[in-house]
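First the structure, which I've put down as structure tokens, then a few questions once you've had a look.
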Amino acid sequence: MMLTRAIPLWIAVIGGMVMLVSAFLKPIEGLGENFADAFNVIAAIASVLGAGSLLKSNLSSISRRDAGWGYAVLVLFTFIITLVFGLAKIGVHPSHDFPTAAFSGKQETPDTPFGWLYEYAMVPLTSTMFALLAFYVASAAFRAFRAKNLEAGLLLGTAFIVLLGRTFAGVVLTGWLPEWASGLRLENLSVYIMQVFNTAGNRAIIIGIALGVAATSLRILLGVDRSWMGGGGQS
Amino acid sequence: MSRQRLTWIVLGVVLLALLVVRGFVGQGLGRVYVQADQVSLAQMDEKGADGSLVKVWKPVPAAQATQQWTEWSQAAPKAYFEAVAKNPAQTDITLSWPRTIGLWLAAFFTLAIFSFLYSDNVFYKLAEATVVGVSAAYWMVIGFWDTIVPKLFGALTPDMVIKWVQPSLQPAGAMQQASMWLALVLGVMMLWRLAPRGGWIAAWPLAFIVGVTAGLKIVSHVESDLMAQSVATMQPVVQLVPAADGGTDWYASLWPTLANALVLVGVICALVYFLFSVQHKGVVGATARVGVWYLMITFGASFGFTVMGRIALLAARFEFLFDDWLWLIDPNHLRS
Amino acid sequence: MRNVRRNFRSPWWWLAIAIGCAVGLILQTRRAHAADGVEAAAAAPAAESHQGIFNENRLPLLTWIIGIGAATTYFVARSRRGKPPTIRRIAALEAVNEAIGRATEMGRPVLFIPGVQDMDNIQTVAGITMLGRVARTAAEYDAVVEAPTCRSLVMEAAREAVQASCLAAGRPDAYQPDRINYITDEQFGYVAYVGGKMMREKPATCFYMGCFFAESLIFSETGNSIGAIQIAGTAESSQLPFFVAACDYTLIGEEFFAASAYLSGEPDQLGTLQGQDAGKLAVLAFIVIGTVVATVASLAPSAAWLGDFSALLQKAMGG
Amino acid sequence: MNMVDRLNALDRRWVFLLMGLAVAVPILWIGITGNTFPETPTPAAAAVFKAVEDQPEGTRVLVAFDYDPASAGELQPMATALLHQCAQRKLKIVCIALWPLGGNMAQQTIAEVIRADYPAMREGEDFVNLGYQAGNEGVMKVVLTDFKKAFPVDARGQATADLPILQGVQTVKDFPLLLNVSAGYPGSKEWVQYVVSASEGKVKMVAGCTGVQSPQMYPYFPGQLAGILGAIKGAAEYESLVNQSIGGDVAPKYREAQRRMAPQLFGHLLMVALIVAGNTLFFMGRKGARA
């Protein structure tokens, strides 16, 4: 218990308190930035664990002959070749400024095997996945945006105005309004919504979140909440 | 045969037929051309910023070069067509098979992901397996070359990094070195998880990260969100617009004043909605309800804006299919 | 050791330390200030901010943090003395147990997505905290929790939390590390995997708790199409509309951070929620008073003291 | 099952198909005819144009490329138009990136605009790409105190201390204008919070951001942000302003955002129609249930 509970708790509390105090002491003000670097390095080292998990789950799926184990083979194959090409910088020319340093070149050009995989596999796959959102947005608009009550009505009404106001259609629809009533033109209405209601709503959300973060941090630093390490209450 | 299967087959056949037709019409289907760039470098003396001589590598004519290699850059099909028209035997601009295959693969993957909209299917599963494998490895490689090498090795074994990777590496300060040692130790403790015994030690670096994150975020959120947004709200509500005659233009003053008041009311009501230890009844309940209205309007506006971006992303993928792959449209005049 | 631990649990101990530190710091700065005052005045007025080790510009920030900390510790202590606060109902959290129970009845897994950011994001930490709670209930109800993750460190933290929760629920055998695995760091690679998994395994219940970006709608629309109960929580305000529209329940911003404390039902944790509210009331008071004073000051420019008061209030907010 | 119920239970794949057509058909149409819709600039976009236009010739501007290929569809036209206007105004352009792939985006944009159309501009003197730097807000805090410490080398690996374009640059405050193209975190919000608010008014910032982000950025305009380009619409407005000011025959690559507005228009109209249809069905269904 001591090694698995008490010591980690103390590490968290002391680490957090040092960071908190460092924000106010000039000589160690930059501690947070150093931590950002250190964190990136730890995360990069920890990716060995991620790789282990990926290998293990796919290998066991293959050895069990799960349904679709062939796809697990493909995952492993693409993973390993990308990793080998990338780590060894195969086919990468050195940088023009330091042609004698063998590993100084960048590998993102499609000339290199790693760059090729990036350009022709990763980019189209991830950006098409992202583009699927346009379809989901449409189906959500049809299915979920219904004025079931006043709140839902406000949500969809605002979305409606902003949508129209941000295209040529909005200009055509309300462009005939005379100058003195130009405030009612859709494109202007959507600007007011952004500047007034959206500003107010976002401010409240941001302030609330800040308090929520403060309370969450304090719960960790005061040792009140230990469920992040599975403490789950008074152990 | 199930209806779904039939749909797939019909779709596939139609697509193939269209592709074949497209292939024989006009300029045909997507191909990628490249041209060779000869890189020739030699080391020379040059005056640095402080006046002293430094050795730098400069591009030179091929005859004087001590380092040489060839790089390939993509050429517009138009350039290829013109070059061939001038000299049918030219070899400056050539068809690149790896890149053309890549282009077709990219088109296949694009369609495979789109097919998920109809239903889960074998193409989507292939695409999913590929993207998981490639991208997991991609980020590990980036983590290694962009973080571990310059930051960790750069601080702990700078000579090696200077020799092999980054001759212009700046020496790390004491603080940075210390933090890299700490990172190394914590990283190794993380990896202890893989050892047969003592895996509990991996909880220590995690605890450190969670604690430090808590300490850092409380400061940044309270300062830049809570305090900054509150100050932004604590502004005069009434805004008087001076009129041409030196007095006050009451009508013009009305609108900014109203806007400020609405913002103030909104912030207060929405904050009241977030109160936890007060039941939402009576005045508090009514205020919180107004707060919810504000939140809903905010969400609606966010939604409206977001849709724009999403459609643009889809448009970009269609442009890839129509322009780069099928050569149906040519908005950038790369072929004509 | 026990004594130390008891002290450690007592919030008063922490309050004393916090106040002690603050007073010490301020005294330290004042002394450094007084010593350097003469030369500083002679040198340049701009050099003022370079003296002492305490960053005086951040005094308002320190005051706010100590204030929120003190309020939290006070309410925790009060709650512990037998006066726990009554917390308003949060529908999304009332539904958690029922949603997990549904998965047990249907014999399908519970899917938990702790966001797409790493452990240096506080939302991920809050998400892992929630995972701990969900896993504990699931272990009690005999439901299976699946948690694919987007970062290696998050996977480790999630395993740690779930293992301990199963232990706390008295069901150490319920912990299956293979259900919590790393997929890829790439946001949309991860989305492609989770989307496919949802379509194939049809989880009965989906939790999305953490930092989300564009994937919010892909997840929630896919979840909707397979008929899952969906409970989301995030502090990414740009994604809230999608969760609100497509999920059954959504924890909005601050509610998400309160979720773990709410679910625990422990007096200590409920006390922290009251501390949070105290902070909110203070902010509200500042906003109302600050705005009124600023407005009056702008309308009556002759009353200089009003202007000074307004400036003081702004300064207290770091303005 | 009556008509309303059937439509209510409509398979969402029909909606998907409509969306696909609403976007694909206009792309083909625009691609074949080459027409675009006219744009009326909103104040936020006009302010971006003015902020760049107001800089005297030879001013150093900092351009932060905080996005990656996934958002390039929306943001690339902004980056292209921003560099185009800066190059046209003969400003000195320093590009940086806090997103791992942002350095590549900067490289691509430089190749597309500067190397292609302004070959007289020399790298290291008139423009430079400092590439990606890890550390998110950490980097922003460092550039406030020591710019070259945050970016010790440029993308080619040369020490920034030796670059002519950066002579005299101590901190980020030596850049009167910061242009940020941002797809999320870290991005515009962080630049405002950490750099603009700490720069004592020395750094003016304009931001081009995705549709998702812009609602969160509007509270900062026109205070801490001198201008905003919101999503592809903002990009199209700004693009048309830049093209108008430069005049002459506009290359198609500088009209990308304007071209993209056509699928945008039909996509939006479809969304509006879907919302209307969904609600009509909802109310008809409710009336039916009551009767």
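Labels for the chains are A, B, C and D, by order of writing; each one numbers its residues from 1.
One rule holds in what follows: a contact is a pair of C-beta atoms (placed from the backbone, for glycine too) under 8 Å apart; a residue touches a chain by one contact, two chains touch by 3 or more.
It should be emphasised that the depicted structure is a prediction, and the values quoted were computed from it without experimental measurement.
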item: Where chain A and chain D overlap in contact partners, by chain label; value: B, C
item: Minimum number of chain-to-chain touching steps separating chain C from chain D; value: 1
item: Between B-D and A-B, the pair joined by more C-beta contacts; value: A-B
item: Cα-centroid distance, chain B relative to chain D, in whole angstrom; value: 12
item: Chain centre separation (chain B, chain C; CA means) in Å; value: 27
item: Distance from the mean Cα position of chain C to that of chain A, given in whole angstrom; value: 17
item: Multi-partner residues of chain A (each touching 2 or more other chains); value: 20, 23, 30, 32, 36-37, 39-40, 42-43, 46-51, 54, 96-98, 104, 122-123, 125-127, 129-135, 137, 139, 143, 145, 155-156, 159-160, 163, 166, 194-195, 198-199, 202-203, 205-209, 211, 213-214, 216-218, 220, 228-229
item: Residues of chain D engaged with two or more neighbouring chains; value: 12, 16, 19, 23, 70-73, 134, 137, 157-158, 212, 214-216, 219, 231, 233, 264, 267-268, 271
item: In chain C, residues with contacts to at least two other chains; value: 58, 61, 65, 68, 119-120, 122, 125, 153, 156-157, 160, 182-189, 192, 214, 237-238, 240-242, 244-245, 252-255, 258, 273, 276, 280, 283
item: Category of the chain touch graph - line, ring, star, complete, other; value: complete
item: Chain A to chain C touching residues, read off their complex; value: 6, 20-21, 23-27, 29, 36, 39, 42-43, 46-51, 53-54, 56-57, 60, 122, 125-127, 129-130, 132-133, 136-137, 139-140, 143-145, 155, 159, 202, 205-209, 211-220, 222-225, 227-235
item: Touching residues (chain side chain D, partner chain A) in the complex; value: 10, 12, 15-16, 18-20, 23, 37-38, 40, 42-44, 69-73, 104, 134-138, 141-142, 155-158, 214-216, 218-219, 231, 233, 261, 264-265, 267-272, 274-275, 277-279, 282-283
item: Of chain C, residues touching chain A in the complex; value: 5, 8-9, 11, 14, 21, 25, 52-55, 58, 61-62, 65, 68-69, 72-73, 76, 118-120, 122, 125-126, 128-129, 132-133, 136, 151-153, 155-157, 160-165, 167-169, 178, 181-189, 191-192, 214, 217-218, 221, 224, 235, 237, 240-242, 244-246, 252-258, 260-261, 264, 266, 268-269, 272-273, 275-276, 279-280, 283
item: Contact set on chain B toward chain D in their complex; value: 48-49, 54, 117-118, 142, 146-147, 151, 166-170, 220, 224, 228-229, 232, 298, 301-302, 305-319, 322-323, 328-333
item: Partner chain D, residues of chain C touching it in the complex; value: 187-188, 213-214, 225, 237-239
